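Presented below are the structures under discussion, each in the form of structure tokens.
Paired with chain B in one complex and with chain C in the other, chain A is shared by the two complexes that follow.
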Partner chain A sequence: MTTATTGKRPLGAVGRVLARREARVALLFVLPAFLLFLAFRFGPSIAGVALSLFDYDITGEIAWRGLDHFQRLVADPLFWRAMGTTVVYTVFAVPISLVLSTVMALGVRRAFRGSRFFRSIFFLPVITSLVLAGSIFVWIFSANGPWSALMSPLGLGGSWLGSTVLVIPAIIVVGVWSRFGYGMMILIAAMQDVPRELEEAALMDGANAWQRFRSIILPHLRPTFFFLAVIETTAAFQVFDVIYVMTQGGPANASYSLVYLLYDQGFKYFDYGYAAAVGVALFAMTLVVALVQRLVIGKQR
Partner chain B sequence: MTAATPTTTQALTTPDRGRRATGRGRSRSYRALEPTGLGVVLRWIWLSIAAILSFFPFYAMVVLSLKPGKVVELPGSLLPWNLSFDSYAQVLGGQNLLGWLGNTLVYSLVSVVAVLFLSALAGYAFAKKRFAGKEVMFWSFLAMVMVPFHVTLIPTFILMANLGGVDTYWGLILPTLANAQAVFLMRQFIEGLPDELFEAARIDGAGEFRIFLRIVLPLCKPILATLGIFVFLWHWNDFLWPLIIGKSNAMFTLTVGISSLQQQNVPLSTMLAGSVVALLPIFLAYLVAQRYVQEGVTGTGIKG
Partner chain C sequence: MRVSKFTGVAAGIAAAALLAGCSAGGGQASSGEKHVTLWMYPVVADEATNKSFWDDTIAAFEKEHKDITVDYEIFPWANRDEALQTAIAAGKGPDLVYLVPDQLAAYKKSIAPMNDLLSAERQKDLLPNVKDSVTIDGDLMAAPVLTSAQPLVCNAAVFQQAGVAEYPKTWDDVKRLAPTFAAKGFSMLNYPASAENTLNMTFYPVLWQAGGEVYDKDGGVGFDSEAGEKALTFLTDLATAKALDPEALTTNVPLEQTAIAQGKVACTFNNAVTEVAPFWGKENVKVLPPLKGEKSVAYGTVGSLAVLKGSKAPEAAAAFAEYATGADVVKPFLTAAGYFSALSTTEPLYADDPLLGEVEKYVPDTTVGQLATSSRALMGVLSPEIQAALLGQKSPADALKDAAAAAAPILKK
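Let's turn to the complex of A and B:
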């Protein structure tokens, strides 16, 4: 560490002046970023939690409410509906996306003719905004769209976005489409670190492709999987854009998510305190996932 | 988040890692790991099917945007003939698409320049300087990465409303410049630069800010490119914040504008034409600088 070496240097009078000047300059360098950070991250984070205990009006009127908002939250069927949607979406979208990422990464991890082309195609949805691509998915999942045509042999034709049962699966499909390329790229990078000799040795010993994956590649990927699982879970908890453009939470609130509830309460009904309480609930869920991840990783070490 | 950082920075500081496995020096046994004959064909087939499925939405978007006013029927509507650019004329003429494009460019470009400059400045100080409160400041930065953006959404909006920032450019841009992740990445990168470079310049009597501009920034080019692409993409695709802060059509970004079309009952082809125009700049950039875009997204974290 560079700070350690400079720290042990005995300072003369000149050195002290210089050090003080250096500290002043450094503070000046950090200050703009830090002030922005205080004003728009740190402050609002604290305020967001505090706000959930108040009623606030944009005119400036403020009233202490204690835990009223949370009591209301627990009794609000829409909150539980939104929680259910968010959890179901997360529980399905994240693992499906991870499995797909892994399969695709295995397919294109080594350079061969066309590997770069395939990687690029699979990565394209990652940089695509689902708000901008939303309208094509509305058509794809409509009653006379291609998805219905594809699914009608299974007896699942018709408009998926119009069905209270199938709307979540439809949103999961879109969510997975937009995310799997990200995990794929991360996993390709992680797979490069698997010692080739190990795989070769396993091959000589007659291990088949599945056995080689199971006992050589997979153990190497474990930390990457945890990283991806946390990133993807956090993102999935915040699902909003797709729903806003594809279903507006419908039909009959069947695709209403937590962030949608926060948005509606805050910016449609201007019930800021209640919306902040939803934000706190979301934060708590994220923290629980992070803690579980810490525990699981901690156990492995 | 911290669990991710070792791999992240490693990937960023050794950008050529992905190339290592290719090219010369393949041993014969390595070849044996690769599919041969039928295996190659099979791999091509399943990857092609996946690619077609994955690319289909883009294809449909473009083709249907070129078929204005017609009833969409399968599979005829998906065939690439009888095309017309009427929908493009409609969305460019009848909607404020160019205005939204301009807003999005302002939002993205100003944010990229500001975030890169401020985070490099702060990252340099955190990496190479000693000052009181450094550790506290840095760790408070890091802790905030954990707090979801949505917790801060309402208070940030109230703050901006009280400051008169609603429906203005500065109100749109300013809160998004607080980017803890960018500061963290810059610090990680600059920490790896050798001290001698700065020391030599300091002995030559260069001022601190001059050292930053002339020595630190040029050395940071690779990380600045990566981070810049990430910040740009994130702002280009950002939706919730512009939706909340932009009240009038003239202040909409592309995502907000395009989503507002849906509420107006605009024909599908016109909507899609708007989407294609909005996606085009990103795709062109991707075509030109693929590797940097991939690195920018995977190396820095979450999609915007």
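Let's turn to the complex of A and C:
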């Protein structure tokens, strides 16, 4: 018995996609971004992990250190202090930012006279340079600034940036101020997808605003909340610029974050290997938190 | 979906262009002559004066050295180490760069020692304390441009308002006079304790005055000593007695917003007379010897030009460094910046200036302290602990002990 052959091998799934001319062109369009991603994101990340196992000098000298940097990290009180500061900042800044983003999004999601203006105003901090804003916040939180005057009746006057207790709340205020507009815009977009008739039906059934939000809007927003929680948590773990401009990690290391430790070790003390180890620890921590968030929020979608 | 041929070709070109962009490197044109690049900073605050000095100096040097051309770039002080180390790591560093002693220690491996690059005559002319400040492990690391001194400077107007006629000479004087100033609403001393302030101008002079050192003889932690505790206790006692400006202990604000500028502080050992004179009035600036604990000693920085190992023309770079730091050439630069000569044969620059002339007298007695590669990292762990002690969160002994523990892995390297 003979078997007839066509002379062509059957195409696999990838082959079938590539056989389409549009797909090939699409891949060409994707290629630059993909290569840039490899070169500037993936490559440095791998190099960073590798660097954490070496001592590297700006003169090019390199020496194998194995896990020495990680052992030093575990024993370094400054690392744990920076970790504590970063976690406290994240635990407060992320939920506050998400709640504020939601409240603001609910306030301006429908078109009304001035809604665009308010959306722009609320989004403005996102595109404002934190270096510039930070300088102004330094004055706002100073002993003679308006924040001190506002808080004096509560017994919380004086310089917040000069207080080892109040400096983190001050950093959280600025961090939330600079981020909530981004979450607000994402949530406004997500809220546009909530069927209006559902809300109207609930209104006719006598549901109040809270009930409509909880039973109709919130379930629709769960995927968006998951996305924002991951993005905001990642950003919060990497808090640096606000601290750099406003407190330089002080007073007495009270606002010293993990990325600040990384910056100091790498760029002030030239200890690149140790700085890379801090980066790896930060990455691991962010990854774990993102996975937990996926389990908690993502599962309920 | 139809995709035109043109779109496909465009995408391909875009990808190729981006790839080319990624791989493009900065080429160097071969000129045949020796070329020197210099990185400077705003040592002279007035940009036009600063530029004019370097333009004139380079023009005069190039006239004498036809085979050498010099380029310079003035970088801001802020983040200067990031820019420099990135450039060195990328092999794009300058031939010559302005560095202070802490940096000389930090960049030691990247610097070409000038033992054989700077003339013996010039090396002999350097002030002994200045030469020590730029010498590491027996190697002369740079050609000194300038030096400074930070003696005690007091505000005569504050003394008058507080009804104090006597100026402090010793720690005991400070402790005795402090309550009088505090009772009148003045702080006795300025002590900026936030992380941005170098300990060279704050804690280290007090430590030296107590007879202590930052490092011990073996290069280990030296501040965790009886003298260290004595120095920090002196400061924490002053803080408790409200003799230190509380704002300066925690925050770093522009000079004009500080208590020292606003005439609320009696004395300082971390501000230059040129800084305070515009606020206090020249007539109120009183220059005094450095305070005495066990001994009287003050910090004085040294600015220098270092040749980097990556230089393709180290001899030419050193020739320019020697020329630019020569007594006559550098004089207008020093007087414009309010600094002092690093050379022993130079006549006093400020003989006619009652303030700088007085400060100039202390120049030969200043120090930059011990030079070590870890000096900046050590400050990073010590500074917050000192601040914690000053804020009453830790005892001086505990603060120094914790700082010493945090410093151990840094010194091990």
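Simple rule for what comes next: the second predicted complex is superposed on the first by the 255 of 301 C-alpha atoms of A that agree within 3 Å, B and C clash if a C-alpha of one lies under 4 Å from a C-alpha of the other, contacts with A are read in each partner's own complex, and residues count from 1 in each chain.
As a convention for this text, a contact is a pair of C-beta atoms (placed from the backbone, for glycine too) under 8 Å apart; a residue touches a chain by one contact, two chains touch by 3 or more.
Keep in mind it's a predicted model, so treat the numbers as computed, not measured.
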Report task. Tell me which partner A:99 touches in the superposition: chain B (first), chain C (second), both or neither. Result -> neither
Query raised in the report: Thinking of the overlay built on chain A, is A:163 touched by chain B (first), by chain C (second), by both, or by neither?
Result: second
Report task. Report for A:288: first if it touches chain B alone, second if chain C alone, otherwise both or neither. Result -> neither
Requested in this report: Have a look at where A:25 lands relative to chain B and chain C in the superposition and call it first, second, both or neither.
Outcome: both
**Report entry** Contacts of A:62 with chain B and chain C, given as first, second, both or neither
**Finding:** neither
Query raised in the report: Counting only touches as set out at the top, which of chain B and chain C does A:267 meet: first, second, both, neither?
Result: both
Query raised in the report: Which of the two partners, first being chain B and second being chain C, lies in contact with A:78: first, second, both, or neither?
Result: second
Report task. Using the superposition on chain A described above, determine whether A:128 touches chain B (first), chain C (second), both, or neither. Result -> first
**Report entry** Greater chain A contact set [chain C / chain B]
**Finding:** B
Requested in this report: Would you check which partner chain A:91 touches, where first means chain B only, second means chain C only, and both and neither mean what they say?
Outcome: neither
Query raised in the report: Same chain A residues contacting chain B and chain C, which ones?
Result: 22, 24-25, 29, 32, 36, 39, 58, 267
Report summary line: In the complex, chain A touches chain C at residues 21-22, 24-25, 28-29, 31-32, 35-36, 39, 55, 57-61, 72, 75-78, 138, 142-143, 159, 161-164, 248-253, 256, 264-265, 267-271
Query - Residue ranges of chain C in contact with chain A within the complex - result: 1-3, 7-8, 11-12, 14-15, 18-19, 22, 81-82, 85, 88-89, 106-107, 109-110, 193-196, 246-247, 249-253, 309, 374, 376-377, 380-381, 384-385, 387-388, 391, 393, 402, 405-406, 409-410, 413
Report task. Going by the contact rule at the top, pick out the chain B residues touching chain A in the complex. Result -> 3-4, 7, 11, 17-18, 20-23, 27, 29-30, 32-34, 40, 43-44, 46-47, 50-51, 54-58, 60-61, 64, 72-74, 78, 118-119, 121-122, 124-132, 134, 137, 140-141, 144, 146-159, 161, 174-175, 177-178, 180, 183, 191, 195, 208-209, 212, 233, 236-237, 239-240, 244, 254-255, 258-259, 262, 268, 271-272, 275, 278-279, 282-283, 286, 290, 293-294, 297-298, 301-303
Report task. Would you tell me which residues of chain A are touching chain B in their complex? Result -> 2-3, 6-7, 19, 22-27, 29-30, 32-34, 36-37, 39-45, 47-49, 51, 56, 58, 104, 107-108, 110-112, 114, 118-129, 131-137, 139-140, 144-146, 149, 177-179, 181-182, 185-186, 188-190, 192, 196, 199-200, 203-204, 223-224, 226-227, 230-231, 234-235, 237-238, 240-241, 244-245, 259, 262-263, 266-267, 272, 275-276, 279-280, 282-283, 286-287, 290, 293, 297
